[in-house]
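Labels A, B, C, D, E and F are assigned to the chains in the order they are written; within every chain, residues are numbered from 1.
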Amino acid sequence: MDFMPLNGRQFPRFSGIKTFYRLPYVTDPNLDFNVAIMGAPSDAGVSYRPGARFAPSAIRDISSLGRSYHWNHDIHVFKKLKCADVGDSSVDPLSIENTLTLIEQNSFDWIQAQKKLLTFGGDHSVTLALLRAFKRYHKTPLNFIHFDAHLDTYPAAWGHEYHHGSFVRHAIEEGLINPSSSLQIGVRGPLAGDEDLNVNIKYNLKYITTDEIKIEGLKEISKKLSHFNGPTYLSFDIDCLDPAYAPGTGTPVPAGLTSFEALWLIRQLSISNLVGADVVEVSPPFDQSQITALLAAQVGHEFLAKML
Amino acid sequence: MDFMPLNGRQFPRFSGIKTFYRLPYVTDPNLDFNVAIMGAPSDAGVSYRPGARFAPSAIRDISSLGRSYHWNHDIHVFKKLKCADVGDSSVDPLSIENTLTLIEQNSFDWIQAQKKLLTFGGDHSVTLALLRAFKRYHKTPLNFIHFDAHLDTYPAAWGHEYHHGSFVRHAIEEGLINPSSSLQIGVRGPLAGDEDLNVNIKYNLKYITTDEIKIEGLKEISKKLSHFNGPTYLSFDIDCLDPAYAPGTGTPVPAGLTSFEALWLIRQLSISNLVGADVVEVSPPFDQSQITALLAAQVGHEFLAKML
Amino acid sequence: MDFMPLNGRQFPRFSGIKTFYRLPYVTDPNLDFNVAIMGAPSDAGVSYRPGARFAPSAIRDISSLGRSYHWNHDIHVFKKLKCADVGDSSVDPLSIENTLTLIEQNSFDWIQAQKKLLTFGGDHSVTLALLRAFKRYHKTPLNFIHFDAHLDTYPAAWGHEYHHGSFVRHAIEEGLINPSSSLQIGVRGPLAGDEDLNVNIKYNLKYITTDEIKIEGLKEISKKLSHFNGPTYLSFDIDCLDPAYAPGTGTPVPAGLTSFEALWLIRQLSISNLVGADVVEVSPPFDQSQITALLAAQVGHEFLAKML
Amino acid sequence: MDFMPLNGRQFPRFSGIKTFYRLPYVTDPNLDFNVAIMGAPSDAGVSYRPGARFAPSAIRDISSLGRSYHWNHDIHVFKKLKCADVGDSSVDPLSIENTLTLIEQNSFDWIQAQKKLLTFGGDHSVTLALLRAFKRYHKTPLNFIHFDAHLDTYPAAWGHEYHHGSFVRHAIEEGLINPSSSLQIGVRGPLAGDEDLNVNIKYNLKYITTDEIKIEGLKEISKKLSHFNGPTYLSFDIDCLDPAYAPGTGTPVPAGLTSFEALWLIRQLSISNLVGADVVEVSPPFDQSQITALLAAQVGHEFLAKML
Amino acid sequence: MDFMPLNGRQFPRFSGIKTFYRLPYVTDPNLDFNVAIMGAPSDAGVSYRPGARFAPSAIRDISSLGRSYHWNHDIHVFKKLKCADVGDSSVDPLSIENTLTLIEQNSFDWIQAQKKLLTFGGDHSVTLALLRAFKRYHKTPLNFIHFDAHLDTYPAAWGHEYHHGSFVRHAIEEGLINPSSSLQIGVRGPLAGDEDLNVNIKYNLKYITTDEIKIEGLKEISKKLSHFNGPTYLSFDIDCLDPAYAPGTGTPVPAGLTSFEALWLIRQLSISNLVGADVVEVSPPFDQSQITALLAAQVGHEFLAKML
Amino acid sequence: MDFMPLNGRQFPRFSGIKTFYRLPYVTDPNLDFNVAIMGAPSDAGVSYRPGARFAPSAIRDISSLGRSYHWNHDIHVFKKLKCADVGDSSVDPLSIENTLTLIEQNSFDWIQAQKKLLTFGGDHSVTLALLRAFKRYHKTPLNFIHFDAHLDTYPAAWGHEYHHGSFVRHAIEEGLINPSSSLQIGVRGPLAGDEDLNVNIKYNLKYITTDEIKIEGLKEISKKLSHFNGPTYLSFDIDCLDPAYAPGTGTPVPAGLTSFEALWLIRQLSISNLVGADVVEVSPPFDQSQITALLAAQVGHEFLAKML
């Protein structure tokens, strides 16, 4: 098996069974490849608009437009990196707790087989499950780079500790990530209150707001991006983008990043060992002409280029 | 307070705070009125498309087009029956179990205050909570009339007994409804298997399929509708309609009823004491030009006319 | 000039300047042709959803799918009847009164030139202007056949006598139509009250409800359709259809006619002299995949076949 | 391999790689199964709205809602019939001629391996390729049952003999089907002219119009359905349905069949040996809430039940 | 009454009767609170796409996503400022003149009760009515800050002096605003002619074009923003944004502001006494996934922060 | 004939037969005017999403919002330049080769009559036909300015040399354009491979990437824009814009230009003799609220201002 996308010049991009980037679908962790691309179709943790359960399917569909060659980095991504679609994790649509357990187990199977892992969510609670699996394997808290409009350090809601707005707080408190070597990018207000901000202060979790990016400019901001040494995880909530660029999401916040800003910032990141990454919170029922799903697929391609 | 809808000839129907049928919003169960109209904004029990959490809001919006006078019955519904929007039940978006408890309690408050209750869901699992509240008050199993494409006697799924496809089975097993004085209307295939059909057989729960309605004709079918004596509950899953009439739903099934067939059949029902009713499974993110929500509002109006 | 539609086998139907049915656009009333097809792009009289101002443009666009040969009647409509698109009437988007005056004058120009007139509205208030023009020419009240969900004999609203729900009352009171040789088809409830029904009773204006059509069946109903002798006008409000068939309208009413029922009933009408007709209340911003506009175009084609 | 759909009670229907009905994806014709389900993603032959190239993908997606048990026939379709998704045929998006050749070859591979074949188009020109493959295998013209709004016996257009409106004429002239044991169902006007009707007369190709079905009623019409003896092919153009039921199509025609009428008529067909079938002309860019694609999937399920 | 939004961690944001920002709905001007938030549901003055009549309802709906804490200003807006939804102004959908009178009277009631007023339109003609009310109360022309793609100093159209493109000219000529202490932001071409520009010159009404903002940069432009001393009114036409950010509007103009640019510029404004503000020209029928309405709600939140 | 757009203050912009910018429709090349505006409704060359065949019609529709006066250049475009809608070129929807021939011939008729030509496509393959016509007339390769996300120097696909991704390569190889006096603007990755980049290198075809524009800034980039001396052609693929600004296109690429960036760059171009221009790849079925078509119309207006 050559782990190459189906050739669009022979088989039109609208044809064929849809897998991520038209890559082969494999289920055997013992096969020799580098990156497992997995879906995590759960919206069991959302507070407003559901629909992220359909994201893996929607992203598979439009990722058929994906191309291999990364012009900026001059890399044939899929030639350099053997990638495969490993299908969707099991989930329990009626229980966030069960879903977290299932995703942790499913992802651990691939991590243990020494694959890097790119996951397409699902709402942002799935990242907690993924971080648990990585922690179990690496035994050490990971560096964590987090693109989001929200801090996701929010308190419990409706009596639930675990939901899509609290996973960062839990990841810190469970020792899954190291806040002092972590960074949040794209956060912005308004906020519900100052509880979440206080979590950042308490744990010394740094962030770069959308406003800083816009006012200081990309080149200045890129100087603030430190090098990430050691096992690092990258989580990308599509709502870091402005709703004009990503209408298909659950809790949109105006005045966000442009697609160029987000993709360019990813490219400037210096990461010695990106072990896992995800793109979450795409909600296809609210997408328009697939622009959100397409962008999610391209973010995934940027992440793959970082995994080389 | 006169419990009349806002007058559309004075205040245009697109204006004003949106309540069901432009009725007054009240929160005091001790006020003197006949029917409490409540939202139950939960999709915590769905298996495929979520979105029913937005249904009460969407139905409030378009119900501003509602009119009072029922031509067929020659009844000024809102003149004869004092109705009020009592707001939405509390729900827990992350737990179907908690949601069932909350809706049961919220609805019981109104039932206990001797109001009839019209509920706009929400997915179909909310009906279980409502039936529990009615049973608690009436102490006796209710007659149950159930419009649906599905039998909703399905087994557990993903390890969960309670979901939107199993509520009828539970309602029977919990003694909330009396299957021998109940009727399902509009059911049709294909089915996942014969487990659900076997539940019908086991409990002698009668049904009229969509095919019978279409082939025998409305007038013939209406002869099969028995009189319902005693406390009766009416539950209307919008997916009994064909997807052309109700695209905004979670688990659509082709070859369903037309809007006329459904509304006409409701009119033919002979019910001595309709104590409660609901319209469920409207999923606004999948609706088109509000046609599903508008139909739900009109079904509700038919139900009110039956509560006189 | 041959007054034939552009040939779709030579010039694809998606190409070319869009006119009604791909007919020639003419502005000279002295040209020798039979039917002037005019747009009346006004929604100055609507009570709920506006948008009918865009209907002539939307119907021109999709009417490019129109075909000439009427299979049921075995008539090559555009071969037998010289038809032309005469453009849109002037309108005043900020005044219903001015708009009525402008449409009356614009339509009179064509009527006076002895053209039959097919008009695509616009909201239903435009029909009042058209009837005034016909009355001015014919000097006598016309027979009036009216497809609609509503009786349109509604009282004044927000202090205005003239709006899209009161035109029938005015047409009677101004002597434009003869209620005793008129007929309303497709009306249904709920109604706001009994004021409008009382107008029907007062003037002996007959109607056939949607319910009668559905329950008695098309063949039985067609027996109730009398012959219309003398100058007759036909007005078709697209909301006589069920919202599933015509989502793109301003004040939809569930449980309406199917497209087949409406078109078949038109075909059964026996009219000795159909001098004018209109299709109104298409609201393109609420249409889906142009199904409402396409149906309006086909209704227009049926009307043309009746003008032979 | 058990050729059973993925179990929805274990793996939610929104999860997993999308194949037709959640069946296994196989590429080896030598495997032991009964029905090959293939996509033919071509709209190279359309005259108005393109988009059918996306239909196989869209139908795979929503067919995850499909159920196995056919209530009317009391058949567990996927238990009785081993079915598999065999992927999409090769196509050439820039040439209808090449596409016909590719589909003929691809389908022949499965036919030769003694599979029955269910194909999801694509525009209706793909049926010509499929019929050529069947003729090549069976050596004899097939019986042909054809649901459609159009006769598809249209002349050449823009200088092209082969397009989506002429395939029936070619199928007759190439000896692929036997017109005297064929039947068209659901055809209706208006027509472009009488050329196509004359082809029917010339070859004695019978048809049942939509009008006959509506006016005579389903039970009467079913008496006109003869038994089809010998190798028979069934082609279903989704535009036989009314645009309310199937908005997502390329050349919609108002006043069509309802979903119930179409599905019920299929069930009444008596066919001794249904060797192949297709569902064509679904155009997802014009679909609304997937209702057209869902209906196409259900029609496919009806066809599978006929292949037993 | 505490004038706080409903708590989203207790009552999910998709639940409950929809008011602006989930604030209490009050009708008594004598209650003790600071800001009246009113809807003005009129599109009686539009020239192209109608639909703004539905804006207050749509903004109420999505403003449930609003948060209280303004991160940039470090202000808990709803804790510092008692705000209430005061419902919609009366309007006359058939007369712009009557509508202006009704809105003027309705808004005056709140102004007179010494409330600040935040209004969600409606088309831009409603601002004229609001300015008249403020002038009546303050007796002096107000400072006027105006975000818009258009100058709105356009001449009469179709014989009407008053429409949504002429209100600034009238506000100056009626002495409602002081042009020399006013500013237009975001205007851009193409223009219909130079008549409107000449009005600006004649009255010395300053403006900052979108081009200046884009080319000079936000920091440079902010230096041009003078301090506004005395009673000031802020009017925000959503079409100052690019159609990518605000598709749901009546007369979109490409190459507009981004959401960040608009919100950031608002924050830089120095206003000693902001007595009133509005957000107008949102047209929900043309919105996509509510992004325009959501942005309107956030602009309103920025305005509230300026009213402290 | 005055070649002026219909006056919007007299005839509302939503009324009338739709032509480009409400200009007169003319078919006689001998009339005395400057610029022929033509539609080229073909998507016979697309590789992914079709639909560009509907672009001329969609752009005509929304171009009714167009204004004449170019504020930046202080030019009354339609007063200075006599423009006319010359209708659509003939096309063959089933053959890209025939379509290229037809468009070449149709456009040559206008070029030969010494009109400048502004064409609204159609997919990008139509530009090849247009360049052939210009070469035939001017006898010399043209300067070529090309806005696009793609290089369009791609190899053959599915055995076809000519498709919408290869036209630049063919234009160079056929000697239609002079690569050394040409420029591509807005190109970006990822690419399918390096074949297309190698074509640029081989022929010394310069380009400015989107990344350069974003990072260096518009003012810096404008310094890189050389003067174009001699007959020059300008081709604008709408997909040079980000999908947020132009969702309605066939092969969208994230991280593109904003509408302001594109329009501003056009304005900075210094072209001594712009003989022709086009705007291509608008695909209305994927557009949202017409924002893509509106932008295309405005780009066309910028081009007209360059033709003075």
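Before moving on, here are some points about what is shown:
Everything that follows uses one rule, which is that a contact is a pair of C-beta atoms (placed from the backbone, for glycine too) under 8 Å apart; a residue touches a chain by one contact, two chains touch by 3 or more.
These numbers were taken from a predicted model, which means no experiment stands behind them.
Legend: contact pairs of B-C compared by residue number with C-F, A-F or A-D; the interface matching in over half of them is A-F.
Comparing chain pairs B-D and C-E by the number of C-beta pairs in contact, the larger count belongs to B-D.
Subunit A and subunit C have Cα centroids separated by 54 Å.
In this assembly, the C-alpha centroid of subunit A lies 39 Å from the C-alpha centroid of subunit B. Subunit E and subunit F have CA centres that are 37 Å apart.
Contacts with at least two other chains are made by residues 12, 14, 47, 49, 53, 93, 157-158, 242, 244, 258, 286, 288 of subunit F.
Chain pairs that touch one another, listed by label: A-B, A-D, A-E, A-F, B-C, B-D, B-E, C-D, C-E, C-F, D-F, E-F.
Subunit D contributes residues 11-12, 14-19, 25, 39, 41, 53-54, 56-57, 60-61, 85, 87-88, 90-91, 93 to its touches with subunit A in the complex.
Of all residues in subunit D, those touching subunit F in their complex are 43-47, 49-51, 53, 92-96, 98, 157-160, 163, 285-286.
Listed in rising order, the residues of subunit D touching subunit C in the complex are 47-49, 155-158, 188-194, 197, 209-211, 214-215, 242-244, 247-248, 251-252, 254-256, 258, 286-288. Of all residues in subunit D, those touching subunit B in their complex are 8-10, 12-14, 65-72, 76-77, 218-219, 242, 244-245, 258-260, 263-264, 288-289, 291, 294-295, 298, 301.
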